[in-house]
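Just below sit the structures, each encoded as structure tokens.
Two complexes come next, and they have one chain in common, chain A, joined by chain B in the first and chain C in the second.
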Partner chain A sequence: MAKAAVGTLYRGKDGMWSWVAHRITGVLVFFFLLVHVLDTALVRVSPEAYNTTIETYMNPVVGLMEIGLVGAVLYHALNGIRIILIDFWSKGPKYQATMLRTIVVIWVLLMIPTAVTMLTRSIQHMTGGA
Partner chain B sequence: MSTATEQATTPAPAPQQQTVTFKILRFNPDEDTAPHWQEFQVDVYPTDRVLDALTMIKGEQDGSLTFRRSCGHGICGSDAMRINGRNRLACKTLIKDLNAKKPITVEAIKGLPQEKDLVVDMEPFFQAYREVMPFLITSGHDPSKERIQSIAEREVFDDTTKCIMCAACTTSCPVFWSDGQYFGPQAIVGAHRFIFDSRDEGAATRLEILNSKEGVWRCRTTFNCTEACPRGIQITKAIQEVKRAVINS
Partner chain C sequence: MSAPALQNPRTKRQLSRSNFEQYSWLFMRLSGVVLIVLVLGHLFIMTLLDGGVHRLNFAFVAGRWTSPFWQFWDLTMLWLAMLHGGNGVRTVINDYANKPRTRLILQTLLAIAVILIVALGTLVIFTFDPNLT
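Moving on, here comes the complex of A and B:
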């Protein structure tokens, strides 16, 4: 019997890709929380060690990662609500695709001002502004 | 009027044959260590089915091409395969519904051991179905008349009676690919058909079986099964109904 995984990627529709995105954003948020718990715990080592570590976060790369984090948390939360509705609302499975389109629209609408605000602050910080 | 008459009498253009490339994932357990792609050119009509093309390839080009088919009319559930990346019945998929300008890929369904070409070992799939006890369970004496059921009571599980056990749903499920122990959509559909049958008394037992680690809770609602079902069964909806029945039991 053949065991090697040759063949094409399964061409699932939006339901499958929403699940893939849910998994990826879930793992990303998990790793953020891991780092967050570790760096916050540094304050127990010494406030200086904590300040030094937090200081290394003050750069544009981490700024972009923060925007990514907000995007990941937002998608995971919105899609989580969609999954709860699929689970507990009897018409959830029927409207799952509509609900997915709705959360994507909400995600985009919320991400535009969020990204603009966060980028502006990041640039202001770099240029020594307020 | 005259225009309408002219339109009505104009014969429909005859369908034109076209040469289509089929890219099939071949595997011969006696010779190959891994599956490999092989291309075939076939002259088909847009109204032909993928099954017709496979039959032509087997009959005219390569008799060793192996696939299952029985009725050829979407009822027996033998010829589920992955056509252009999606689980379909070869006998219900018309060439005109695929992009025939590009090669049409045909692979065995995923997640079950590939035995030869498009044939897989269906035993793990049937085993999961047997485990949910897909038969009427009653107690007491045999009834002396019919077991009466209202139209409304029958309607509750009407959708899940349509299953033909082709495995298109179970082998479209990402959870099943990575965890072959998961009962899979089809077994849950099979259980749903009896759990919600007003004449049946085995619902509690079936719900207990499906409340196990490899039961309904493994479903991640990707809707691949619902999309793949050639019978149009709302499978994810049925699984969710079973989930809620487990909670309420």
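Moving on, here comes the complex of A and C:
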């Protein structure tokens, strides 16, 4: 019985927090998507309307939000693979915690070069570079 | 307020007549796999390749949508992402909105938003004019 106290797949500990993070990133990406379709729809209004709007995004604040968006999508994608493996792979539930640690490592390894690249470009653009 | 009526022990659970939630569960996994390719590919091209987001403008979009491949990519991504995201938010609303009225209002707003955005995005991809001035 003592085992129940350390939590099950979705209650307590990493299983629950990965689920919470999956929800939060999912909802955030959904609301971004609504705005993203609306701003892209401006290509149907006029090239100026689209270009003016897109240019307002090209500053370091929105740049940081874009890095956050990539991070949220990447977590949601990696954890989505983990959920599919938990549901369809016979050993999935057994290795769910190991898979979570694995995707966190993959996430960090991919996000470091991504964030550096995006931040560098953002700063170059702000200081008038290419 | 009276206490909610309790069912007798071992009363058979009212089974839902439709398999909607099962199909919804399966759809999330199938669309998820396709979206991993479509969305991560889209993000890689838009934020990392060449100059990243700073090269985006009308001419860039016009250049991409001359290709039926990218039109099909974007159309599929739009539909799958909106249905996947809409269905996810529907689940979240069902989990946290306890009052039937609140739930109905939020689900209605969500349905309107999904239909409008999918319709708008589809219209834009199909009627895009690269020579628009």
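Things worth noting here:
Rule of thumb we're sticking to: the second predicted complex is superposed on the first by the 119 of 130 C-alpha atoms of A that agree within 3 Å, B and C clash if a C-alpha of one lies under 4 Å from a C-alpha of the other, contacts with A are read in each partner's own complex, and residues count from 1 in each chain.
Here is the rule we use: a residue touches a chain if its C-beta (ideal position, glycine included) is under 8 Å from a C-beta of that chain, and two chains touch if they have at least 3 such contacts.
Everything quoted here is computed from the prediction, not taken from an experiment.
Of the two partner chains placed by the overlay, chain B and chain C both lie in contact with A:Asp87. In the superposed model, A:Tyr10 lies in contact with chain B only, and not with chain C.
In the superposed three-chain model, the partner touching more residues of chain A is C, compared with the other of chain B and chain C. Contact with chain B, but none with chain C, is seen for A:Gln96 once the two complexes are overlaid on the shared chain.
Residue overlap on chain A between the chain B contacts of one complex and the chain C contacts of the other covers 83, 87-88. Chain A meets chain C in the complex at residues 23, 26-27, 29-30, 33-34, 37-38, 40-41, 43-44, 46-47, 50-51, 54, 57-58, 63, 66, 70, 73-74, 77, 80-81, 83-84, 87-88, 114, 117-118, 121, 125, 130.
Within the complex formed with chain A, the residues of chain B that make contact are 25, 27, 29, 32-37, 82, 84-86, 105, 107, 110, 113-115, 121, 172, 174, 220-224, 226-227, 234, 236-237, 240-241, 243-244.
By the touch rule above, chain A contacts chain B in their complex via residues 1-4, 6-16, 18-19, 83, 86-88, 90, 92-94, 96.
On the side of chain C, the complex with chain A involves touching residues 29, 32-33, 35-36, 39-40, 43, 47-48, 51-54, 56-59, 61-62, 78, 81-82, 85-86, 88-89, 92, 113, 117, 120-121, 123-124, 127-129, 132-133.
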